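The following block contains the structure, expressed as structure tokens.
For reference, chains read A, B and C in written order, and residue numbers begin at 1 within each chain.
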Amino acid sequence: MMGVKMKYLRNAWYAGALSTELDSGPVSRELLGDRMVLFRSESGRTAALSDRCPHRFAPLSLGRVAGEHIECGYHGLRFDGSGKCVLNPHGDKRISPRAEVGSWPTRERYGFVWFWPGDPKLADDASIPPYPFNADPDRFAVVYGHIDVAAHYELVVDNLLDLSHVEFLHPLFKQSGGVDSHQMSYGVEGTTVIANRLKPNVEIQGLARFFWTSPSKRFDARSNMRWLPPSALIFDLGGTECGAPVEEGVCLPNAHLIPPASEFCCHYFWSIARNRQIDDEESGRGLQQITQKVFTTEDIPMIEAQQRNIGQVTDILSLRPLTLEPDTPAVRARLILADLIRRETDAQAAAAE
Amino acid sequence: MMGVKMKYLRNAWYAGALSTELDSGPVSRELLGDRMVLFRSESGRTAALSDRCPHRFAPLSLGRVAGEHIECGYHGLRFDGSGKCVLNPHGDKRISPRAEVGSWPTRERYGFVWFWPGDPKLADDASIPPYPFNADPDRFAVVYGHIDVAAHYELVVDNLLDLSHVEFLHPLFKQSGGVDSHQMSYGVEGTTVIANRLKPNVEIQGLARFFWTSPSKRFDARSNMRWLPPSALIFDLGGTECGAPVEEGVCLPNAHLIPPASEFCCHYFWSIARNRQIDDEESGRGLQQITQKVFTTEDIPMIEAQQRNIGQVTDILSLRPLTLEPDTPAVRARLILADLIRRETDAQAAAAE
Amino acid sequence: MMGVKMKYLRNAWYAGALSTELDSGPVSRELLGDRMVLFRSESGRTAALSDRCPHRFAPLSLGRVAGEHIECGYHGLRFDGSGKCVLNPHGDKRISPRAEVGSWPTRERYGFVWFWPGDPKLADDASIPPYPFNADPDRFAVVYGHIDVAAHYELVVDNLLDLSHVEFLHPLFKQSGGVDSHQMSYGVEGTTVIANRLKPNVEIQGLARFFWTSPSKRFDARSNMRWLPPSALIFDLGGTECGAPVEEGVCLPNAHLIPPASEFCCHYFWSIARNRQIDDEESGRGLQQITQKVFTTEDIPMIEAQQRNIGQVTDILSLRPLTLEPDTPAVRARLILADLIRRETDAQAAAAE
């Protein structure tokens, strides 16, 4: 494990990769300021190690998976999933007790590979953010995407917790009534922040329209966002016949996971599940492409431009931005996260005494 | 207005854009260290605002012109040409008195958009550098260009005030007699520096040759440069039958405008008017392309290489360069500008007491 | 000559360019922290000057060779091979005694242009590293290459002094027996480090196989490396009928020359001579391409990744890497070079008193 870094919440699961990314070998990734190699062994066990061989400091990610181990591509040392060297092919072949690299607990679930940057003893499966629709193939088909973002991860969270921006930033998804057609409600449940937008009886619109088959011209649309610290969002997106129960309509539940890479860079992993046309791959490909395109050509350029305008400042609130009504949930989430990090830091300091 | 920065002359008009650049929407540009958005409203009024919305610090330039206003592309706040917020589409729609961005006086003239980075009360139209040939469509057709330069703006001014470099840097425009065929004269009129080069009775050469129709094989050529502080140049370029009055010949008067972007970057706006083939667009296109190509492949690479060799040094004179005879006007211009900046700074300091 | 820089060995010949690079005009190159222009005059004399005209600080490398001199491409000053200005085309044409640039002694030999960054009085031809096979056209044909590397030059030396990496990094050149088929011997002769690898009676393998014509399926292969400080390597590569004398086999002697550009960048000049198919240009082209490709797609990415993992650290030993048996020669070379630099520095300090 690398040295304690106070600015991130450490006792939490973060997404480190899409599951599919590990299918073609080790992946190198900066996460919470550490350069990691993530890989899946032949038997299917995932691991996250420090991406730096202790021999010549070559990245292990330039090597290859060899059975249950990873082999350095420069001089052939092998390491197991806990970071211990298990093979030295040179000279007398002895393995120094120093031949070891840092490691992080990992899990593979919901189409993502998760890692735990805090105390390994606290890494409990129950606290992995729940995306059950990503593990329910009878009811849902799922598409995934990954984007690198040159901005602080909380700017991406802000974006998702204030969907009023859809009316201005995403011409394809505007409602004819603009923000006036949104019925907003905000809430906090423990450390979870909720930002719901109902758009009752509006023209068929948004992603749901691609899966709408009834002759109705209007529907009840919803964009309900739920944030779990530090940066996992569960997004209940859908549309239903006016007045009908939510379950009967088009359901497009999303995962949005935004692990920090470093202070001003983050990763954006997303998925969209659908309860319509679940056997139609073409349909899934179209949904994947349109979503990835909207994120990469509309949201991310705006967020990265924000960061450039702000400069090397971590906390946008320290710049006293003008706060509007729809900023409420994002501001709450920022305060909750800052408080959790403060409490974690205090607990570490107390334990150290 | 941003904080006082001493190193630029502030009470002066600078070109901020070509007029045509604003035809397709707002333009973001760094000028004198400030990131500005320049735009033209539906009724044709230009404006220059700080390119940073006070809400989430998104660049206003990623938004759009809406009537007389500019709309932020992230959450829809609108601002007028003076920088005041005029619309908040969210919640109770109240507009905070803090909802405002910085602004600069602008004018549109001679095919350029000008801004005034100093005291707005001193922004008088009479001090816009005069390019009357750019506003005389009966006699002149004009082509324009814009180049970003990774160098201090005074290195570009130096280049233009010493045209002896044409004989070495621009193979297409060399005179067969080399620098020996130039008759130079230098002068200072108030704060204006003059650097004239006459090349009497030389082979038909330079840009003028493309518009030369007489059977004569030789002409009187002239390259007369006039610098106005801080970085505007009026260039009287042309060729005439040997001994004939200047007005009867080919006249290709130029504007060269070099506003600083930041300490080691600048913009280079240029225009060339012509009193020949003024209805021939093909001819104008050729003139535009050849000029832009010479600047971008010959002058700018040399100037940027100079800057790289000098490093992060603002005043080349502090490095004690070897000074040759044709450096005289550029050295004079640098001293005049340094003196004007010093006087402006002193006046501000006196006013502040 | 630029200011004394302690971190490089200065009284030594370094390769600055391939001979062929100067065929098409002046070359600009950073070497030991100095930006130089290297050129060959019309009569064939090479020179290395500071790449910065004392007039406007333009790079002389953007100019041209004019007879025995180099002409600045901006305003036409000319300099001879010792750095003295010999022509000022402007005004009264007088040449200031300050019109001069720094220069370094050069030699052209073995297909490389060498320069001497230390005391010119000590620049003796005898100490140019010997590559006689590059000057023996009756017996050898030679191909050359040049690569820019974003890493400290000693990381490239390390790579060459530990060829066990071939078994892991270069799939095309692996031995079926792996590192176990290598018989290694190391040695030091004065300040020279030797790292020999014999692979007796192995399957025909490596570059030698492309030139192997006998029906034998196995041969005695050798990869004998010899390092001369600061960063010249003589590589005796070849394969022979099992038990036959080395001279009768395929001989592919290499030069590897790694002059530092700056602290974390270097140049890699290489050549491979061959005593087979010496009149077959196609064969030479193939050998050049395959070698350049292996270096640029396998070695250099690994070495640059090492440097990125290490960060801005000059001496990898200061990070306490795990040391394996085949690291022995590289560690010896590092200690010898550090000692030579220390002795040179002490001698300079003593002389200065």
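As a working rule, contacts are C-beta pairs under 8 Å (C-beta built on N, C-alpha and C of every residue); 3 or more make two chains touch, one makes a residue touch a chain.
Being a predicted model, the structure only gives us computed values, none of them experimental.
With chains as nodes and touching pairs as edges, the resulting graph is complete, every pair of chains being joined. Under half of the residue numbers found at the subunit B and subunit C interface occur in both copies, marking it as a different-residue contact. Between the Cα centres of subunit B and subunit C there is a gap of 47 Å. With touch defined as above, subunit A holds no residue shared between interfaces to two or more other chains.
Listed in rising order, the residues of subunit C touching subunit B in the complex are 35, 51-52, 54-59, 62-63, 71-76, 88-92, 96, 98-99. Of all the residues in subunit C, the ones that touch subunit A in their complex are 158, 162, 164-165, 167-169, 178-180, 301-302, 305-306, 309-310, 316, 319, 321-326.
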